[in-house]
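Look for chain A in each of the two complexes below; its partner is chain B in the first and chain C in the second.
And now, the complex of A and B:
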């Protein structure tokens, strides 16, 4: 056991037992961040804050929500929205944050892709981030089921049907997932559990892993410059802050983080109070009705691109394309064979690859929502082919990239 | 400067995506109809000026309105209880006390002369096939039929509450409440559900509602939906234009053209907002304060960053 002395203060008492000074140094005051990073690097903090909002508002909603197929809809739309004091506020914070969190995740992901932040020693950051994306997707989907509205029900029906595997006809698997032949009480109960316990737990664990993955390679920077963090940190500690290429996380970068967060929160609360319905589909304000199919069934906006990769093909091909879309982003660090970890603008064909991928995903997103007819169907088909083609081309176009 | 450029790029891509998945996609998925201003221009105008006294005689006498309709304000209850009325007619005939305030005058006149036509349910009630609308057509009392109808409308207007006294809830009950329940407002098709002291009384009331709904469902083809959340699931524009002409959206629907005037339509919408979005006033008030707070917070955050970064450059 360590040697303990009589504590001189509460701080000292805690320090002997929890090493709080070391902890603070490692996690905050001597956690070095490159100076040359723009506001896009604050998206991690924006996400952390949004996740905190989701967690807190979710806990309040949990107090009044009823996971019962007969009561769920009214417990959300009447009890929480109208009877509970400020229930409407928690619900709108939760609903808006659930949508905005994906916007920020996508910005965060594309920032990483643009600046090459997944390359050379930073693969774990990318992989843990992708695992977080998957966990957030599962969390969003399970949460979308809970109000038991018309779109919850039918989206649940469609998504769980995917597990039948097309011609494999794994109908037993689909029933096993649902706990019934159609989405019903067992389905709601298990998605409720997943949404409020298991997946949030996994997300918290993955956030720790994601942060941990940053500790050794450090975050990338705007110029893709390789920084000798120890030498630069020594400069900083010697008092030459202006010439050091690194800054401390607390308070240096934290102050920039908070500036970005504060501006983000203006946008966030504008949505909460004045445009809370921007992403809540009106169809979901009709109670679930298993006997009446909605005219159009589509997922929330953040899943539309992968939905559209599924839709334009025949069932089996569509499922394979869909599976491809789900895993391919994980492989990015290994498919990008260029030696450069610099911004896309300074790279070869990858510069075009990046913008093509971004625009293609926006097209897929748009086509995933509109009815799959005529021109929309054709655009969706070619956009899905382009998506697959771009990923197949990636190793080839990056292989011949010259070192900069 | 560079950061502002990056922000602009992010904003543009975000807005384009938003536009495509919200306004654009919804415009492709749903037909859009402009409001016709509640003027019912397909119906012939009232050409005669009505006389309320003569109208009263017609409503009570030759028009035979009181044979089926109650007129509470005149001390005349409905001739049958609601469930029996629904058993006989499919739906309970409305009390006429406030019809003059809720419905458009021209619509009322046409309704009296030819109900199936005014209500736009001729596809359901074709006399040639023996499908008579439960409300019989008024063929006139022997004089000038247009004058007689104008008199009856004038009478109905004279007994109704003034437009400014018509509350949103009254407008809703008269125009929509016999077919649509609103359980967030404890409203059933047979009236407001009271607070019961005894479980038996509540069960008896619920039984009456269910009986009524059975007759109504048979009459309409399906039970008309509960409107509690319609202000969120359909929105103001859809509800207004739907009420004005249900056939536009749902060709062949059994839902009649309601015939409300523009003021009553606004009141119906207001009632649906009161029920489905009851916290909107407090949301706006709190929203203003939160926005002010967030701007002040942002100001301090920017100042803090400037302070910290002064040493770093």
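And now, the complex of A and C:
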């Protein structure tokens, strides 16, 4: 057993038992961040804050929400919105955060792609991040079910139908997932469980993994410069802060992070108070009806691009293309064969690849929202083909990239 | 060394026990996720086929899904008889022919609407159309409307049970 002495203060008492000084050093004051990074690197902190908002607002919604097909709709739209004091605030915070979190995730992802932050020893950061993206997607989908409106019901119907595998007709599997022939009580209960317990647990675990994956390769920087973190940290600790290429996470970098977070929160609460409806589909304010479909079914904006990859093809081809779109981002560190971990602007054809991919995904998102008719249908089809083509081309165009 | 092999054996024995436990609990988890017996028991619906009117679509409910019942008029039956593929899709109860299908578009699961003058269904979501027998007449739906398992019992139709007529339909590939 460790040697304990009579504590001189509460701090000392805790320090002897929990090593809080060491913990503070490792997690904060001696966690080194490169100096040459811009505001895009603050998205991790923005995401952490948004997740905290989701968690807290979710806890308050949970106290009045009823996971019952007959009561769910009113418990959200009447009890929480009308009766519970400030219930509307929690709902709007939860709804807006659920939508905005994806905007920030996409910025975070494309920042990583642009600066090559998934390469050379940073593969685990990318993979754990992609797992987080999948977990957030499942979290968003299961949460979308809970108000039990028309869009909830039909989204549940369509998405679970995907598991029948087209011509495979695995209807038994679909019924097993639903616990019924159609989305019904069993379905609502199990998605409620997934949304409030199992997936949040997985997300918290994955966040720990994602942060842990960062400790050894360290954060990338704006120039893709390979920094000797130990030597630079030694300079910093010796007092030569000006010449050191790194700074401490707390308080130095945190102040910059919090600046970005503050600006973000102004935008966030502007949405919460004045434009909360952008995150809420009007169709979902009709109670679920299994005998009437909305004329046009579409997912929330953040899933539109992958929905549009599914849609223009026949059932089976569409499902394969959809599955491709879901997994292909995981393979990015392995499909990019270039040795360079520098910004896309300093690379070869990858520079064009990056912007083509970004623009293609924006086009897919726009086409996913409009009804699939005429010209829109054709644009969606070619955008989906472009998406697949770009990924197939990636290993070839990066293989011949010159070392910078 | 001797100790090591003993410890190794204990490790393997524990691993085996844990493996059995893991598989057993996975099975229990799978079963817990299965539809409840009460849900399965409620999976039958009996329709009285003498109550329907010609060329008037009635939407019934079976297993939470909409069921289209369309009693064929004499002309419709005649038209269908000219095309063996069409007549195969119809169910004969008593003297009349019926189209009985699951009212969900086989493309993405929307509910098509019926136009009794044109004797056709239109799925507004993606523009698929079906004729009065539920056969697809315009893509994107990959196939005609699905026919639920049924059993003919006099003038009654029991949905959820596979009678000989349904099994025959299944064999000929008219339905799934």
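In this text, the second predicted complex is superposed on the first by the 404 of 404 C-alpha atoms of A that agree within 3 Å, B and C clash if a C-alpha of one lies under 4 Å from a C-alpha of the other, contacts with A are read in each partner's own complex, and residues count from 1 in each chain.
The rule is simple: a residue touches a chain if its C-beta (ideal position, glycine included) is under 8 Å from a C-beta of that chain, and two chains touch if they have at least 3 such contacts.
Please read all numbers here as calculations on a predicted model, not as lab measurements.
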item: Partner chain(s) touched by A:252 [first = chain B, second = chain C, both, neither]; value: first
item: Contacts of A:241 with chain B and chain C, given as first, second, both or neither; value: first
item: Larger contact residue set on chain A - chain B or chain C; value: B
item: Partner chain in contact with A:169 - chain B first, chain C second, else both or neither; value: second
item: First (chain B), second (chain C), both or neither touched by A:295; value: both
item: Contacts of A:79 with chain B and chain C, given as first, second, both or neither; value: neither
item: Which superposed partner A:39 touches (first chain B, second chain C, both, neither); value: first
item: Touching partner for A:15 - first (chain B), second (chain C), both, neither; value: neither
item: Chain B versus chain C as contact partner of A:189, first or second or both or neither; value: neither
item: Footprint overlap on chain A, where chain B in one structure and chain C in the other make contact; value: 295-296
item: Complex contacts: residues of chain C adjacent to chain A; value: 33-36, 39, 43, 59, 61, 63-66, 107-111, 124-127, 140, 142, 176
item: List of chain A residues in touch with chain C within their complex; value: 154, 157-158, 161, 167, 169, 171, 175-182, 184, 186, 190, 290-293, 295-297, 314-315, 372-373
item: Complex contact set, residues of chain A against chain B; value: 35, 38-40, 74, 77-78, 81-82, 88-89, 92, 103, 107, 241-242, 247, 251-252, 255-256, 258-259, 261-263, 265-266, 269-270, 272-274, 277-279, 282-287, 295-296, 301, 304, 358, 362, 365-366, 369-371, 376
item: Chain A-touching residues of chain B, taken from the complex the two chains share; value: 2-3, 6-7, 10, 13-14, 16-18, 20-22, 24-25, 28-29, 184, 225, 228-229, 232-235, 278-279, 283-284, 286-287, 290-291, 294-295, 297-298, 300-302, 304-305, 307-309, 311-313
